[in-house]
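Here's the structure we're looking at; comments come further down.
Should a chain be cited, it is by its letter among A, B, C and D, assigned in written order, with residues numbered from 1 in that chain.
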């Protein structure tokens, strides 16, 4: 279906998930399947005061663009969207979203899953949690690195 | 995380995807991952006049509820939403959506993928395409039946 | 017992549902009775491999018993999603 | 050359970026020079297995050459998403 429309957004401000979801691939009659993934700030222990997301301006946008292009190489996609916030966030706030649109559901699902795996370990973001007992950087998980080997 | 909140909607009217996506699991601080899948009427050859979706009132709701409950048994989910339309639809219109919310992304992705596989072959919907050259029922695909064996 | 037809099964038989008085012990026996009625039934039930059946709104096999059953539905493989 | 630090590497070294004049041929040689400066650098670079490096905003290995490079960044494994 040719090169997909790719949109990458990196910003501190909240994004309007409902509006983004609503207009993503809207009205396209060649794309039967749309998948979105949204990451939300969790507060597992109920003591998170805030999360701070640091990133690498310049590299971040390039890395996200490269990840989206790689997905477009592997699957036939009509549209790809990646939005990722940085700065301070509260529990329950949306950190990021990806969306993929394809002819059929398998490509849309796999591409979104792939984007998330790469974004987790290859996009220059770092999360710091500030809680009642102090602050700490979120450690990368071995399983996130292992997840990349699926693709 | 206990029994998830499950919502099943079967209706002829369009649904507001943006609003549904926006309020799904909104503000939950225990769920870090939300996946949505949306199915859209495709018009591959550019000659679709309309799609008619027939269903089995009564059984449809039960089947969707059972599929959602089965997903909740297999994955730890916080919320599950299934919306499916019936009646006449135009190319580009949204037919249905599922949404899953979980602590982590793997469960949310797998549960949404599972819901779609089951919904394709186990929920009593039938699609008829009306085109310039007449009308025909959409045939079930062997690969949809095969997809069920993954789970 | 109510018997329901969907999609092309409904179109071939020409009605969405009907009341059927039957002594059939299983779905398969009910199918035999329906087939014997008229050509349109024979045509609709000519290839059971292309049909699915629900008994009281649950998917079932053709050897499912009909004792106490209120509703049987015949339809092609489903195409939801 | 600009050298950038992120997350706990930035915190340990105490600054987000600095200009470094170096003749180092590779990232590994640059790391040796930085380590030799002060304790805070030695601490930040004590375990290279816990560090990642980007050269001109692309992920790279520690043996990557620095010829013509304008920007090197050090940081822990990324935690996006």
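Observations on the structure shown:
Everything that follows uses one rule, which is that a residue touches a chain if its C-beta (ideal position, glycine included) is under 8 Å from a C-beta of that chain, and two chains touch if they have at least 3 such contacts.
In this text the structure is predicted, and so the values were computed from the model without any measurement.
Chain centres computed from CA atoms place D at the largest separation from chain B. Computed from the mean C-alpha positions, the centre of chain A lies at a distance of 22 Å from the centre of chain B.
Remark: chain B and chain C have CA centroids separated by 26 Å (rounded to whole angstrom). Measuring from the averaged C-alpha position of chain A to that of chain C gives a distance of 48 Å. Among the residues of chain D, those touching two or more other chains are numbered 81.
With touch defined as above, residues shared between interfaces to two or more other chains in chain A number as follows: 39, 105, 116.
This structure has the following touching chain pairs: A-B, A-D, B-C. If you check the complex, the residues on chain A that touch chain B are 16-19, 21-23, 25-44, 46, 48, 91-92, 103, 105, 108-109, 112-113, 116.
Those residues of chain B lying in contact with chain C across their complex are 39, 54, 56, 58-59, 62, 84, 95-96, 116, 119-128, 137-140, 145. Per the touch definition, chain D reaches chain A in the complex via residues 4, 6-8, 10, 54, 57-59, 73, 75-81.
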